[in-house]
């Protein structure tokens, strides 16, 4: 792991590459917009004024810092010290807002008055709608028609906030088609529109921008654990969909080799069934949505549909920096099945009184699996990226509770 | 208003009276339990250990302090400085947890291993289920059968957390019947059961206990506004169902006469229609659920059904201390209709990107009405007691959004 | 000495204890409940407890709550209750006791309520949600009108509370038989008997003690009296009979009559 | 000089510009698309752009995306595409250009892809999601195989980027006609003509310029050529005809044939 000791400052390079991954595999027409975004991001992000505004938004609006909560009863069960990073308490119920607030603020600096975003289950769309309403920006959310039909709740929430939800009828009518459509809209409306990507995916500079806006998670964990325990955690776990909560969690610890980093992907119904969303764990190198990364594809390079009970992990790609971290041996990548995630929800609800979202339930599931490897004084941190409120309809279908 | 200058320490008196209100109008069989509770509360609440545990729970578990958020765009609309106290960000989505955590902690000190609670729409039941799970206590929630049927979502959440939800078939099968039934259960299981009342109602010492556990709201507001503005607010608004978020908000300001306090009740379909929940605004003196207070009743003293679009304000009684505060002229009591609350939700969503619960939407509605009375530099604080996530089904019925 | 207390003394002289049935006035209708009261009297009731229904009877179990709801649904009001008592006084002179919740009393005005009781011939009032600490007003009205304010005592009542209660209690002391609300039960709990034993020394010679809540079988009455009770209050068991035969007036009257006779027999010390 | 560039020179000599139709190979079936290609050739196409379908064609509009989906649904693969080209080479010698997304190229292996192109007779490749910065590998393969890597230029491309692109571009420069994705439009935007004027000075005498995206009417072609374009690329308009008559092979062939003839006429400077 010696090669991670001098990680910071090296990635991405000036072309947006993380080692051989990432990049800017985008239509020519987007390149100037991506360049403008990159430049504007660097200018603003390094300015004190922007930072002050961001800190203010994170604090008073989003509810940061979120607690690092010591799980008393879960710790007893696991036989080590378990902490949850409580992103479920962020306004909107998930870490997604850290990013949408940051990008919306950036959009106002770029004098764009319209936000567009893709969404799968609606979590990122909701977070974008929040940010759009807060800043008074026109907001339009692209959402596969299938997702619109099965996520009526979130569609309603976005509309309530004044966002327009545009159903996408092309392709599989799910997340990746929504991204395709959002990219197309952006191509057509590039002057006054900011495309607000929801995870550390897409062409450069998105993986960088989203990582930076999510880094606050790891920064807070570091400070909080030092205050509470006086030392860094032995292991940190986070689920990986596109990878934003994980990247935000892990980044601050990359050069701290004593802390193991574990990313958990969606194993769906099992890797062998082909019905999963584990692009990093079980995918192969390829280009999707503007970046060279790991993806789920067939032998010819056609993108395959992913499968997961958790909408947020149901994506056939993954952030390029995760691939780099995995390849240099700094990040361990594993997967948990739908069933394991459901069991983890049950455990977490009954032991800690917290209903986790299905996404971080995958991380809790893995934590349960490896808990025996840790001792009483070992410290395990799990990023609870969101609240399960959004998942009740799905849980109802899968977890029948007695009358 | 001179008589409020020396308010603190006077209420309640040793019998639990707030002036002539409050008291302990409870069946004899409950008196020893109420006495035990009172004693245990005083012992524990004044102990440093208990306070430390409580602060820890509020911080790392509940997510306190909640922000005092300056509403930039709403302030522009209202023409004065508007702040939201963000209780919507508390774990569980409402201020209710402040109280359930406090009482559950107290229950463990009293060596009770079972919690019971009443719930209407389910918000307090959910908050109790959270606290019960967190402390590993058996938790049973009484809920009118009608409410069980129309609040399936919350019923599911409680069950998910391991609580048992007991449908109540007696009476109107709504909140007040659930309270009746919970009291009966308590009478039968007094030794090992703590009855966790959800608002500043019920027999002494409940109004006191719940006020104390909710006082954190006002304490934080005071500190935060001093930091942000260097002075106290000109007016503070909070909705009143039973009155816990309002009492928690107002208490710290009672002796600060320069800050106007306004409580907003549910006017439902209008006072004149009789379909409302404005017990303090339009009710009369009477005894309900163990306290002398203002209630909705007929000429003979039969309790009348209340009506409100917001389940949390749909209660025919109100906390006795509110009555005192109103009678001594310290608290102004007003009401807002269902329709006004819905409009306030729309306003708040689109202007600030926050979906408020229907309950605090009543407070926002009143704030809109009086905003013209305030100047640019005047400070208005509104307690946003909860998030609207819980209300989406009801909103869907009443607010049709275009496709 | 109040009419109620005199009744206990009279019974004592006959080697009897008091059987105190309870019904809700107006359940299922004013007329019907009047017929039931007549049956209770004819079947040997010594004192009768008459409920004025309240919408939220927190101290009662499902049986009596349902009874209250039926009564209210059929238009029962406190005014009507006072009128019914006047009619009852047309055919019996035995002590009559109101049971109602404090808000009913409070809305009428505490003084007016007691005054009206005295006017129409009510001898005592039980208010299950009015503990002694809150009872000052009612006690004053009771003293003025000579309508007894009857207090409840439970297994959990401490000795210090007990003495506070006994200082003001009139008519009889109502011992709640177990940890719980009203409702017919199969077996009397140990705790009831223990409670009786515990409080007897304090009340002996001062005020009679009646036991209620959960008494449904003749054996219960026997046990209680052996343990020292002066009266047995039977509520839910009677209302159960009514509730099961609502549409059949004759059946109700017949069954309640027989039931009360059997229960009354147990209060007569021939065993 | 590449075969594509020679084609432009030949046409120039005849006072013509290039008409470049686009279709997706395999839409709606391999055989049918082969017939369409034959029709394009017979109707006067100068160069043909053949799409290898990709599941996520972000730079394309709904028409071409739907075409890709039909093609994939009917079993189209890159292997089949190469075979089809071999068949096409059986009946025509005009320049053929592949259009596909980078992941299709990448999965085959960039070198292998270009090698196979060269083997089966493909003269150029357009990869809409491969900007010049990421094109090193593809450029190298292109050089080695003499298969032109054709680049796209847009109204938003800065002059510095333009010169970077022109340094490596081969075959022709593909000017995207407006801010948007492919799809037939009623009117050519001003911006298209301005863009043409802007880049002409840089390309003149060096590399031909073709304009695509949104060209559907004969007037469009005329306007473009007047503004200095060397070729007109027509995609969605042709696929629209196909999509509307999927079940009627004959109708498709007839209509596409006529349409291409009309469009081709506009490239001949007789006006």
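Order of writing sets the labels: A, B, C and D. Residues in every chain begin at 1.
Everything that follows uses one rule, which is that contacts are C-beta pairs under 8 Å (C-beta built on N, C-alpha and C of every residue); 3 or more make two chains touch, one makes a residue touch a chain.
Nothing here was measured: the structure is a model prediction, and the numbers come from that model.
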{"item": "Taking each chain's C-alpha mean as its centre, the one farthest from chain A", "value": "C"}
{"item": "Interchain centroid distance [CA atoms averaged], chain A/chain B, Å", "value": "35"}
{"item": "Chain centre separation (chain A, chain C; CA means) in Å", "value": "67"}
{"item": "Approximate Å spacing (C-alpha centroids) for the pair chain C, chain D", "value": "98"}
{"item": "Arrangement of touching chains [line / ring / star / complete / other]", "value": "line"}
{"item": "Every chain pair meeting the contact rule", "value": "A-B, A-D, B-C"}
{"item": "For the chain B and chain C complex, residues of the former touching the latter", "value": "15, 23-29, 31-33, 170-171, 176-177, 179-180, 183-184, 187-191, 285-290, 292, 295, 297, 299-303"}
{"item": "Complex contact set, residues of chain C against chain B", "value": "54-62, 65-66, 69, 72, 77-79, 101-108, 128-131, 133-134, 151-154, 156-158, 161, 176, 179-181"}
{"item": "Residue ranges of chain B touching chain A (in the complex, touch as defined)", "value": "59-61, 63, 66-70, 73, 86, 88-89, 91, 93, 129-134, 136, 153, 156-157, 159-162, 345-346, 349-355, 388-389, 392, 395-396, 399, 401-402"}
